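Structures incoming, each one as structure tokens.
In what follows, subunit A forms one complex with subunit B and a second complex with subunit C.
Now for the complex of A and B:
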């Protein structure tokens, strides 16, 4: 049997002698500058790639639902959207910050790079239901968020208020710089809803449904 | 007789400047609370203090997910607090289940069981975000819109109904009597 040598530090080196004087040396911090960051007046520097809220390039998104499949919290739901009376051909992800864990797997997995993230991380709301709608949004274009960030560099959520009309399914974003952004939600899920079938694709989806049924 | 309502603005100023926190760390937020209190992001500048006793506290921080077993304690602690009491929910778990959306043993919507005043997004929120929430709750106290404790009194039947649905009727007594048979067995063994 081989003998194995461990390097063990001797106890005399580790064990400190109790002292009556040494604890008083902590008093030297009385005269040093405190390290406190006075938050309402000062700001902290956030990492450039801090994982905050999402941004979505609506032109690039192809609605493949990879983000929805990889999301560990199932916070992403594909949404069919109509902007200015014109339906988008593909669904876009709607992200629910009541579930999102900000792991940003969805950004890594996005094949076209449409889904990105910005370093904004602050979102505080009251308890009212109208305000809780803020936690559930289709991300807006990254350039728009950058523009807002240059105006208000306080890392806050770029939308100040979201209105959702339950009857017409119309969503209104009141952005922080005063712009209003409107679109309609036609339906949820990967399949196109009956209300907004894109015309060339309509017979095809009907057939697919029949085959499965 | 003095009409104390005249002094309400003064009281509200005093309330918002000395919020004491119940040191009740649920879930992951227990790790995020010490940095808030220590020297880097010092919360004592706002007159806040982590406080072990619910009878002396104003603000209840729900930091992270809540299980039914914890929720019993949270409700009991919340009801022990004196009257102007406020609840702040950290992160996404109290709001909509968070990453435990599929768990059988996590509460999905906290505001069904106790009234919440301020929600903060993040998993976990940075200390700055929590401070933003605290700033918000101070504003709300000043406006008088932070009325969770009033809502709890007015809608007590709604909250009570939800709690009873989750735990079953008479859960307070059951919880108190839970350990008695075990203790009796112990005594018999000795």
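Now for the complex of A and C:
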């Protein structure tokens, strides 16, 4: 360590002299314009590729569970879905924003490019349980989110309310532009739910579905 | 009236042990809710306004990264480990990536190296501005603190454009970076920002670093000598303030640092003021490094390594072996030791935060004999970062 072969700054450059007068020079900003942004009235410009909420193309998703394996917070759970009485062939990821760290490794790893992200980042609720359901969703199509964003350019979550019926396992998304989107959750996990095809008995379906945490 | 001996006797019978009260000193708890300590606490035994004994009491931020990192795939760990250092989260990403690259035997593309150097320097500048803010708030110069926060905001905006997030930009991955530079517009913005912040540095000098009150409050406080600092493993600006010319960027060069021209500030005093002045000079040097890097310009080429093994990221396997990588952060020498057993998860990841050296034992010894008003000043002059200690 004794041999020094790099530049060491001379002490005279680093050291400063105390002054009684110089601190008053800070007053020069008294009459300048402040740099603050008045948030409710002015808009901030956020980056184009800001890592926000997810979007999912349901037709492209093949249910390979790569996103679930790479997720550092284990926020992704595969979900078997039935839309309009027709069950989807492959599971789709359900993302829990209570755990998600918005690293978007799931987007990088998606082999078909079905999972994407949008720059929306605002999601606030109160403590009530029915409002907390908003944090746990199967993402919707990117074009739909784009459409909503054009209407309301405030970077909020594209869904205003999510209802979950515990008996029929039916999920209802109330989108911000007034549309209602319904589907049923048949089961969770990578393997198809056992009760998906016959679906006569209630106890069987209850067995296949893990309790939603 | 019950006498004290009777009280003690009764307490012992009930399984309690009353400690004898010390009537000369009193105990103060500088807790995690105190503005000066930030999720860290010190128990101070005070005699009047002087500290007789100080006990650092960390652990409020212990989240068990070492264990958690064993349970996650190699790439995923980036999103976890960067939470170890909050003011400059690029450093843990970088050391982990460098260690994994060493085990893999990868050569990072030139463009990725350039981007990484820029990101590291931007992180250093924003961390120093953050530190300036903290120091100004603890000295009571709120104006300078607000300026520093406002200038840091410009760097945050640049990070947002580059990486997609403001603070935890999960950006550096083993084998390169995740995104390319957004374009020439971003480089121009960075150049403007660097010039702007450089032109504002004299303002900070006027308000804090050349202020006679700062000198009266910081001169001769918390003096650490060379031998003591080396014995305790202090690194970074705290070590340089005691007269040891040691900087990882020069002692063990990485990335593009050998090609860059910058000066390492060294002072001999070892008191709180010299530590502050060293940080002030390094901020200037980091802006100068950014200017040089921008003059160089990014070399063309890929920003990520091309390897067929990366096709299946969750099952990506690293051959058995171990590696150590370290980086100069604003707090000191930040190191990562990574062990692989050939699986798709690391066998062990140990991160050595610099604050573990100067945050516990050194702090305890520097505080002895200090006045109570000097305790926050000594704490901030060491640039203590509690998440480093607890991990």
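Miscellaneous remarks
As a convention for this text, the second predicted complex is superposed on the first by the 190 of 213 C-alpha atoms of A that agree within 3 Å, B and C clash if a C-alpha of one lies under 4 Å from a C-alpha of the other, contacts with A are read in each partner's own complex, and residues count from 1 in each chain.
In this text, a contact is a pair of C-beta atoms (placed from the backbone, for glycine too) under 8 Å apart; a residue touches a chain by one contact, two chains touch by 3 or more.
What you see is a predicted model, and the numbers here were worked out from it, not measured in a lab.
By the touch criterion stated above, A:70 is placed in contact with subunit C alone, subunit B being left untouched.
When the two complexes are overlaid on their common chain A, residue A:49 makes contact with subunit C while staying clear of subunit B. After overlaying the two complexes on the shared chain, residue contacts for A:109 are found with subunit C alone; subunit B is out of touch.
Once the two complexes are laid over each other on the shared chain, residue contacts for A:14 go to subunit C alone; subunit B is not touched. By the document's definition of touching, of the two partners only subunit C reaches A:23; subunit B does not. Residue contacts after overlaying the shared chain place A:101 against subunit B and subunit C alike. Considering which of subunit B and subunit C touches more of subunit A, the answer is C. In the superposition on chain A, A:35 makes contact with both subunit B and subunit C. Touch criterion met: A:4 reaches subunit C, while subunit B stays clear of it.
Residue overlap on subunit A between its contacts with subunit B in one complex and with subunit C in the other: 35, 72-73, 101-102.
Interface residues of subunit A facing subunit C in the complex, by the touch rule stated above, are 1, 4, 6-9, 11, 13-20, 22-23, 25-26, 35, 46-51, 66, 69-73, 101-105, 108-109.
Residues of subunit B that touch subunit A in their complex: 39-42, 45, 92, 95-99, 101-102, 111, 115-123, 125-126, 128-129, 131-133, 135-136, 140, 145, 148.
By the touch criterion given at the top, residues 72-73, 75-80, 143-144, 150, 157, 160-161, 164-165, 168, 170, 178-179, 182, 203, 205-207, 209-216, 244-247, 250-251, 261-268, 277-278, 280-281, 285, 313-314 of subunit C touch subunit A in their complex. Note for the complex: subunit A touches subunit B at residues 34-40, 44, 72-74, 96-102, 121-127, 132, 135, 155-157.
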